[in-house]
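The structure under discussion appears below in the form of structure tokens.
Order as written gives the chain letters A, B, C, D, E and F; numbering starts at 1 within each chain.
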Amino acid sequence: MTDRENGLTHFDEAGRPVMVDVSNKPETARVAVAEALVRMRAETRQRIEAEAIAKGDVRAVSELAGIMAAKRTSELIPLCHPLPLSSVHVQTEWVDDAPPGPAFADSRLRIVATVKTTYRTGVEMEALTACSIAALTVYDMCKAVDRNMSIESVRLIHKSGGKSGTFDA
Amino acid sequence: MTDRENGLTHFDEAGRPVMVDVSNKPETARVAVAEALVRMRAETRQRIEAEAIAKGDVRAVSELAGIMAAKRTSELIPLCHPLPLSSVHVQTEWVDDAPPGPAFADSRLRIVATVKTTYRTGVEMEALTACSIAALTVYDMCKAVDRNMSIESVRLIHKSGGKSGTFDA
Amino acid sequence: MTDRENGLTHFDEAGRPVMVDVSNKPETARVAVAEALVRMRAETRQRIEAEAIAKGDVRAVSELAGIMAAKRTSELIPLCHPLPLSSVHVQTEWVDDAPPGPAFADSRLRIVATVKTTYRTGVEMEALTACSIAALTVYDMCKAVDRNMSIESVRLIHKSGGKSGTFDA
Amino acid sequence: MTDRENGLTHFDEAGRPVMVDVSNKPETARVAVAEALVRMRAETRQRIEAEAIAKGDVRAVSELAGIMAAKRTSELIPLCHPLPLSSVHVQTEWVDDAPPGPAFADSRLRIVATVKTTYRTGVEMEALTACSIAALTVYDMCKAVDRNMSIESVRLIHKSGGKSGTFDA
Amino acid sequence: MTDRENGLTHFDEAGRPVMVDVSNKPETARVAVAEALVRMRAETRQRIEAEAIAKGDVRAVSELAGIMAAKRTSELIPLCHPLPLSSVHVQTEWVDDAPPGPAFADSRLRIVATVKTTYRTGVEMEALTACSIAALTVYDMCKAVDRNMSIESVRLIHKSGGKSGTFDA
Amino acid sequence: MTDRENGLTHFDEAGRPVMVDVSNKPETARVAVAEALVRMRAETRQRIEAEAIAKGDVRAVSELAGIMAAKRTSELIPLCHPLPLSSVHVQTEWVDDAPPGPAFADSRLRIVATVKTTYRTGVEMEALTACSIAALTVYDMCKAVDRNMSIESVRLIHKSGGKSGTFDA
């Protein structure tokens, strides 16, 4: 996405929103990786882990929701290009240094989404959307036991491919 | 959403995901308010403000994207109920105590979504989805100038209506 | 839809777009009827009629497309409420006074959509969307033979129900 | 889109609807431009202009709705191909020769959509859909003050690229 | 759905498709249960079971896909009413009398979907759609090892509520 | 779709669902053909045939629904790739050996969907989804007269193109 001088690329000179023209950009292999953190009570984590062993699996449902959301990014983000996706991978992992402790101490679930395409524009938004919807799905499935969960630090951690080159957070 | 004893409500006894049965719950007026914060460089804020004056308006586009996303929540969050919405309102505001300073200092845009329904279940997920997609839209429109933006603290700040009563963060 | 004094209802006081709050409006039976006219060469009409007799039916496909589009109105029109629909009916008819004459004389196909709901807000936009998409479908199916077709006079012709009462064009 | 002899291309020999086979067509750069006119009372125009200065902007919302609708064309028009889009641009402008006069005189807002792709088939339907939905969005946002607005003359004004060559209305 | 004399209810007198008018039908509690059978090689069943123990779970993914598809039934089935859903439950179970035997003997996975609403029309199509998409998801996830799987006997097994009363297959 | 040794390709080593990476696969022309059979009472067939002559056409509506559903396959099947489609064709035909006989004897409508793409992965799921939704549409339109219809034998009957070569059932 070329940067108009001193401005944002998603507006034309009159300030109208545009889906920027990528027709002159080559199709190249592109990857984007994003992450989100879901903060919750340690007790909530314990329930998620207990469910996963016994029966239902919050993490599996949220990973799947993230994959499916990636495919619909261009419907949600107004100026995103619709594009084919080569692969989507969403993984969740607990990131607390310490093992889950007493109730009310915070636990955090990390969601990492990796999206690939071979196209004229990148897939950063697809990776970020996958993370966000996966995180919201965790919230939805646990909200009856922990309404104070929050999603923090949704961000791009890597992108490569395309003219603007490689980015690492 | 009643809380199954010691467990999460979105699984049946065999651990299968379920969209929980709300058919015996009365239709009541419900409200949910959620927020998200988008952190960015002060310079990025300056560009957003400059565009809004001259021409395009990142905040207006993101508010609209949030409203439209609220309507599609049940397509995105696997176990959410499809439901009618009475109103959706998304507003953005700068939350820095200090006025925008030198480049590279952080600025933060606060997004608040308020959703109402008269139905058998609440609209927390609709409010959270509206915030998240609005925040991602800000990212999308500014990523050419600031790839290090991040979304932080997506969370529910209020809900009322329904059997579980009022919640304030 | 109550009319804010001297202004448009889809913005709040700060000019932000809103899906207006209908939670205090009663659920009442509502009907809306809209129409669109597709203008085409008489020769194009002749082909449509010939196909319908022999084989495929442009009008039937467009009527179905209109019905399906009515159901998706709230996804397309940013500030429309998602709502249940009680019925959708789309009909097409030739409206020329004279029978189809020599090629290049204009023929017109009239599309009328009738939509009903029992809800807190009306279905004008659903009826208009049904007409518009049905008309575009006619265009799509005939564009190989007549690129100069145009859609004219998409308009509401009747609405009833709700506080603002009955309207007839 | 090759023209079957004496017939419409969207049906097979038995009259069944088909999404026509484009697999042997080369990927070429294609552009389509369409327009729609929204006719309204001069007073309605004055309100739109007043809102845009003070606060909300009907035209900006409708331009965005048009862009988003272009991306969903293949979901709406039954026999349209799903395809990637290189760019979408929607602009609105007042087309009255005279400045807005007394109430009840007609004003017209012109919507022009330009869509590009590099693919095996054209984007006429995407441009027409963008115009139509943008026009309906204007209607939706102003209907509380002017139910007699109408959309007139939705039509293709230019296309280029592909075997059938350039078309100008 | 009342039965027009000697005919199908989804057409008007002129043969045009209609979404039938339910505005005069009362909102009543309704349930529909449907099933689908996926036939596969016993070896394929063994792989599904081995994955479920070790790692991924085909059945859980397909159950979730079925729930999500139920919510989109009215977008897929042209004349279905969009309606709120009170609950959706999809369960899978192996239905072979004998335990999985030698490769190439058939195994069958039974998918049962139960859908509830309180509305003016029934949810048979939602239950059938949930079963069908869940079954297709099983196919998708196993097709690399068994392209000869087939879906058989998608059918309604129960419905209750509404004027037409209770049905059991 | 390469087959991971001894396992299913839609999970990673930790059992998480993945949309498999096709970025290294060449774009090749691919075709898939699937079929579904809808079993119904002979009397139901007679009504369908009578409607088609007089007025409405169940088969035409279901063929169109199948085409439209093929385009949405990747939204419905969680791990399917979104991809462009070159053509979709759905045809229905009566498959009974004998002409329709006395009421209550079974009749069967065969639905065959043919889908083509030039892409990195195949279109089996698109063909199967088209058949399934077309079959459900027949059910929907006839259920008021025959709730005992069933869909049987949804299966892939041909695929070609791609590394795994040609398959015929």
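Here, a contact is a pair of C-beta atoms (placed from the backbone, for glycine too) under 8 Å apart; a residue touches a chain by one contact, two chains touch by 3 or more.
None of the values given here were measured: they were computed from a predicted structure.
S.K.: Keeping to the contact definition above, tell me which chains border both chain B and chain D.
M.R.: A, C
S.K.: Could you check if the interface between copies chain A and chain E is built from the same residues on both sides, meaning over half shared, or from different ones?
M.R.: Interface between chain A and chain E is built from largely the same residues.
S.K.: How many degrees of rotation bring the Cα atoms of chain C onto the matching Cα atoms of chain F, given to the nearest 5?
M.R.: The best-fit rotation has an angle of 180 degrees.
S.K.: Taking each chain's centre as its mean C-alpha position, how far apart are chain B and chain F in Å?
M.R.: Distance between chain centres, rounded to whole Å: 38 Å.
S.K.: Roughly how far is chain C from chain D, going centre to centre by Cα mean, in whole Å?
M.R.: 15
S.K.: Taking each chain's centre as the mean of its CA atoms, how far is chain A from chain F in angstrom?
M.R.: Centre separation, chain A to chain F: 32 Å.
S.K.: Hunt down the residues of chain E that sit against at least two other chains at once, touch-wise.
M.R.: 14, 16-17, 57, 60-61, 64, 68, 72, 75, 78-79, 84
S.K.: Under the stated touch criterion, can you name all the chain pairs that qualify?
M.R.: A-B, A-D, A-E, A-F, B-C, B-D, B-E, C-D, C-E, C-F, D-F, E-F
S.K.: What part of chain D is in contact with chain A in the complex they form?
M.R.: My answer: residues 29, 60, 63-64, 67-68, 71-72, 84-91, 116-118.
S.K.: For a test of understanding, state which residues of chain A touch chain E in their complex under the given definition.
M.R.: Listed in rising order, the residues are 57, 60-61, 64, 68.
S.K.: Going by the contact rule at the top, pick out the chain D residues touching chain F in the complex.
M.R.: Contacts found on chain D: 12, 14, 16-23, 74-75, 78-79, 81-84, 119-120.
S.K.: Hey, which residues of chain D end up touching chain C in the complex?
M.R.: 1-3, 6-17, 47-48, 50-51, 54-58, 61, 64-65, 68-69, 72, 75-80, 124-125, 128-129, 132-133, 135-137, 139-145, 147-156, 159, 164, 167, 169
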